[in-house]
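What follows is one structure encoded as structure tokens, with my remarks underneath.
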Amino acid sequence: MKDIDKSFKKDTETDFPLREEMRPRKVTTPDGQVIDIDPLQDYFCQEPPKVHRKSYSAIVEGFYNWARANSLWILGFGTGCGAIEMRPLMTPRFDAYRYGIQWRPTPRQSNLLVISGYLSVKTLKRAIRAYEQMPQPKYVVGLGSCTINGGMYWDSYNTIKKLDEYLPVDLYIAGCMPRPEALLAGLMDLKKLIRKGEAEGANRYAENFDWYKANQKSVIKDWDMPDYSW
Amino acid sequence: MRELIEHLTPRYSLGAPVFQRPGLTFVDVKRDKLRALLLDLRDKHGFTHLVLLTAVDWLEEGRFQLTYLLNNRAADQTLGLRLYLDRANPMGDTIHDIWPTAATYQRELREMFGIAFPGSPRVDEEFILEGWTDMPPYRRDFDTLAYSQQTFVERGGRETHEPRATMKHKLYPEG
Amino acid sequence: MSFEWIHVAYAALTLFIVINYGMIMTALVRKIGARVSGRYGIPIWQNYIDLAKNIALRSKVTHGAMFYLGPVFRLTGGVGLLLFVPTIYGSVMHQNFSYAGDLILALYFVFFGTLGMALGAGESGHPHAAIGVSRGLAQVTTAELPLALAVYALSLQYQTIDITEIVAAQQGSLFNWTLFTNPLATVAALFGLVGTMMRSPFDVVMAPQEIPIGPPTEYHSSYLALMQTNRVLFPVAKVVIFMNLFFGGATNWAEFAVKAFAIYMIPVLIGVVNPRFRVEQSIRFFLKWGLPVGILAIVTV
Amino acid sequence: MGSLRDVLSPFTAWKHVIETPVTLKNPIGREAADRYRGFHQNDTEKCIGCGSCETICQNAAIDMVPVDDPKEGDSGLRPQIDYGRCCWCALCVDVCMTGSLTMSNEYTWVDTDPDAFRFIPGVDEKPWDAIAKGYQRPGERMLSGLTRPEMMEMEPEARIDNFDEIVAGYSREQAVLEADRCVECGLCVATCPVHMDIPDYIAAIREGDYDLGTQILYETNPFSEVCGRVCTHKCETVCAAQYEGEPIAIRWLKRHIIDNVSEERRLEIVGTPQVLPTGRKVAIVGAGPAGLTTAYDLARQGHAVTVYEAQDHAGGMMRYGIPEYRLPYDALDRDIAVIRAQGVEIKTGVRIGSDITLAQLKADNDAVVLGIGLHMGRSTRVPGSDAPGVEAAIDLLRRITAGEEVPVPKKVAVIGGGNVAMDIARSMARLQKQKYGAVGVTVTALEDFAHFLADKEEVTESIEEGIEILDARGPQEMVTFKSGKRKGEVKGLRTWKVISIFDDQGRFAPQYDEADEIVHEAEMVVEAIGQMADVSLLGDELTEALQWNRGRIAVDADGHTSEPWLWAGGDSVHGPDVIHAVADGHKLAASVSAMLAAKAEVAK
């Protein structure tokens, strides 16, 4: 264990000021009209996430789950070094497409967010927004040690340690980084979870929304976005 | 290299050079002579490339060391210039007009060490950190582990035992 | 040709067959493309699963009526194109609603979908969508120029704007096909085909890696499902036009399947092995190579 | 524009369409390379729980958790690895002292529960436990040194004709090299009878802080000079370093500290008792390690301590049993000086029983502690063992130390295979060398070399010095002159070859091969087969009153005898060993002090 300076106290007094472009202000339009602008209110949706019920018919839900499992669309968002292990899956050597897995460039069309390794506070902010924009049901996979308990960034001042504090994680894959084979094995396990109807992270997120938000805000000091964005 | 240093030393009152290995030399410079020296090195002596600009926190000595690493590609020579700043009020001189890349290094040093570079472009804007309110994190009196523990949640349930204490406790509890 | 209600049912059947044909064929083409790059590629039924998955999504975010209408317009473009063109020549069932002036309508429908998309994507408010739309429209316009010129050349050649008549004129022998009677027009039209099928090297607009996916960046769930359906329908419909205009049409479903696949493979053949052009490169290419061929086709008629 | 060739060449890629894809058919669970660093394995039988893996882990991924009770040389802890931290760098495997920690080449672990990724390899069963492939530390690559720096010793030719100290002690450079090998696990602390803080004082050497080192030494042991030279170093037998090379030379390192602190500085560091005198008086019989340690502890607590010693000098067996070439007298004197400085009064030349009685001591003091040692040699009791020329080793050693004239014949036979046998053999060899210029000593030991009792280096050095050592020989008779002027005097030792020493029940019952008989020619036969305590000083009455245990005074765990005022400890109670005697001394002091405190409470 590293030595620790017991007298060290982090600065909890100072608040980070809202960035200039996010502050409410008056703007003169080209035709001379003066309007009030509050970016935080105007640019974003303020509606909290809802818990979405399953389909009434078990057979339909089963079919849906089968379809969801066999059409995993991953958001192409590499948060840490693990992104480099995700790439081989797209290559001919591993060819994840044959398992119905593909990468989408926009959160709107993705169902799976792979947190590929360490997540710095700065990236967490983006990851949260990306996650919230994904349509339900959506899944989160934690890739590597860093997402489980901080990994080799355990003593870093700007990476989170426990991913499940901030996002509802369905599955973890151990490794630093996990090999592409392990990642693929993880995705196969995720498929099984989805088929069993156990991957309900999005609903968990909606149910414990306040808790997640509190955790997120405890580390993101420049919270200049609405509580829910889509 | 020795000739160059010997040539420059009286003019720029350099410190004693350290010949680290062939092709790598370090020398101390004074702040008021830095700019002229850099221009001289760049324009007359072929040190056209600023490899990096970084800082070292000499906490115990109460000063920051700026290291300007210059490279003369044609001669395969690297020269490190060390400049010491007072740690209490660290103020450097911007050289972004000599090497534009320096502006980026200076932004980093401003954010990570809290060294001011007045006049450097966008130097006071956020660079890598977002919403940072604590002391610059690369300073050595910033305890990153302590900060981490006070900020982030770690997975609980871990407990370790020291072999010596465990054996003492179990084998000779009387002391 | 008089209208009877039964034609609606027949057209629906055509639509059904063509959609499924498109589903399987595009998957097959992707598999072939995968083989070229040394992998196995998606399962042949993957398009159906993706479609079901997108319909199965629970949350849908809308950005207003136009956002919803975008994919609808797009699909209308595909469906309309198909329905106003005779799919199978001489077949009562799959003659669809083709009529005397359908060549002009078909040309309109080729463009209609893109316009609808532009409106819908614009409504989403996403900057990527707006960028994508402007890039897409610019590129499609120049790509369609040689096609339009080829169609004029054709109508001049056959003295008609009725697709059925054009197909009829090509019957009898292989050498009656426009491909042989007017190869320049065919080549000019193929520029248009390659340019609008959204395949490399002319797919920078919709490519996932580029300004995230362009116009459909905000589309998801059922909206995306609609667009997906269109994406398998529209190319086939477009191919049907080319089949009818330049390759002698099809007299039965087997001939349709073979010919459509073969024509579809033309852009695939090029696309699979070629890197992407940037938008301005594409425009320059069509203006430099496609346009002169098209003009030449008209001039030589 | 490029050429037509540029346009057409991409199409050659279409040839792949008929080739077999390069895709792996089933990549999931594909075996990794033979030396892949996958999940951990631990051979828990081999593991000693030293915690080196935990110390070296840069990610704080390893916890030491108890899975078993501690044993000698095994903390009972085993590493638990948190795969939420591990980065598979294998430093833990590289540093593992026993080589028990390895890595398999398995790498797939998926779980929905983030807490599941914490496990104790080898204890929590995992699918990869039996996988032989994976990462093991390459044999030739060690993170710590394998061997001790060689101790500078006098050459046999130089040392054989004098009693000068053989071992020179480490230089600063050597000591730092050796200290660097220590992984600071602390397994030795439990094994050391006095629980010295070994890793701490080794760390002090590394830092060059000898004052701190001395302070740590004195916290547990006032005999650093002695133990730095002649300790039986039980600690080195459990040292984690022994699994990959030689154990740390803990004894030499201790000596290195004390070698680097002058006597004056030592007195300054240790200081004098910092408490007011309690007015309690304690008498200690015997100025050996047990008695003096007791005296040191009690004096530090403010009690008035008087030590009574029958010999002319303090030190007991340390002075009179250990030859000077192993433990110079001035080194011992420096240790004793520190003890004296605590206000301990040592009355030498006072024999209990004749000069003063125990009853007298009992009357004058609050408590009496016996640390009388083992000063009487045992006899073999073979025929002729009472003949002139047959000597007890312990008696001879004492006489040599005391400077008395001892007979030095040309040929000497020694019976015994322990350290005392080596001591007397080597001492006699030196005297012979001085007198005749040649060594003529034969040691006959009951045990074979594989089971020898003496330290290895003792045996090696003896042989280097020209001493003949014969193993597995049982003494049968002291051969004496049957006639002539020297009738009755010893002229040799007859021995038989030993077949076995113990019978089936483990009792002492040697079996001999009578055909293999040797008569060792010798004018002196020295018996070095063990010692006993001289308990005559107790007097008949007290001997009656005390409880006994196989010829030794029976004591409880604290060294308290059946008489409330009397304590006993050291060699006479627990057998010969300096460091045990010191441990006993601490124990006695604690017990006596507790009794005195209780008395003080009552007095209040």
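Observations, loosely collected:
For reference, chains read A, B, C and D in written order, and residue numbers begin at 1 within each chain.
Following the convention adopted for this analysis, a contact is a pair of C-beta atoms (placed from the backbone, for glycine too) under 8 Å apart; a residue touches a chain by one contact, two chains touch by 3 or more.
Keep in mind the model is a prediction, meaning the values are calculated, not measured.
When the C-beta pairs in contact are tallied for A-D and for A-B, the bigger tally goes to A-D. A separation of 60 Å divides the Cα centre of subunit B from that of subunit C. Rounded to a whole number, the gap between the C-alpha centres of subunit A and subunit B is 35 angstrom. Averaged C-alpha coordinates give centres for subunit C and subunit D that are 90 Å from one another.
Residues of subunit C found to touch two or more other chains are 34, 37-40. Annotation for subunit A: residues touching 2 or more other chains are 1-2, 92, 95, 98, 148-150, 154-155, 162.
Subunit D has residues 21-23, 82, 84, 114 in contact with two or more other chains. Which chains touch which is summed up as A-B, A-C, A-D, B-D, C-D. In the complex of the two chains, the subunit D residues touching subunit B come out as 49-51, 54, 62-66, 69-70, 75-77, 82, 84, 114-115, 118, 185-187, 189-190, 195, 199.
Taken together, the subunit D residues at the contact with subunit A in this complex read 21-24, 27-30, 32, 39, 58-60, 82-88, 107-114, 117.
Here subunit A touches subunit D in the complex through residues 1-2, 92-95, 98, 142, 145, 148-152, 154-155, 162-164, 169-176, 178-182, 184-186, 188-189, 193, going by the rule given at the top.
Those residues of subunit A that touch subunit C in the shared complex are 50, 52, 63-64, 67-68, 70-71, 73, 76, 91-92, 95, 97-98, 100, 103-106, 108-109, 111, 135-137, 202, 230.
The part of subunit C that touches subunit D in the complex is made up of residues 32, 34-40, 269, 272-274.
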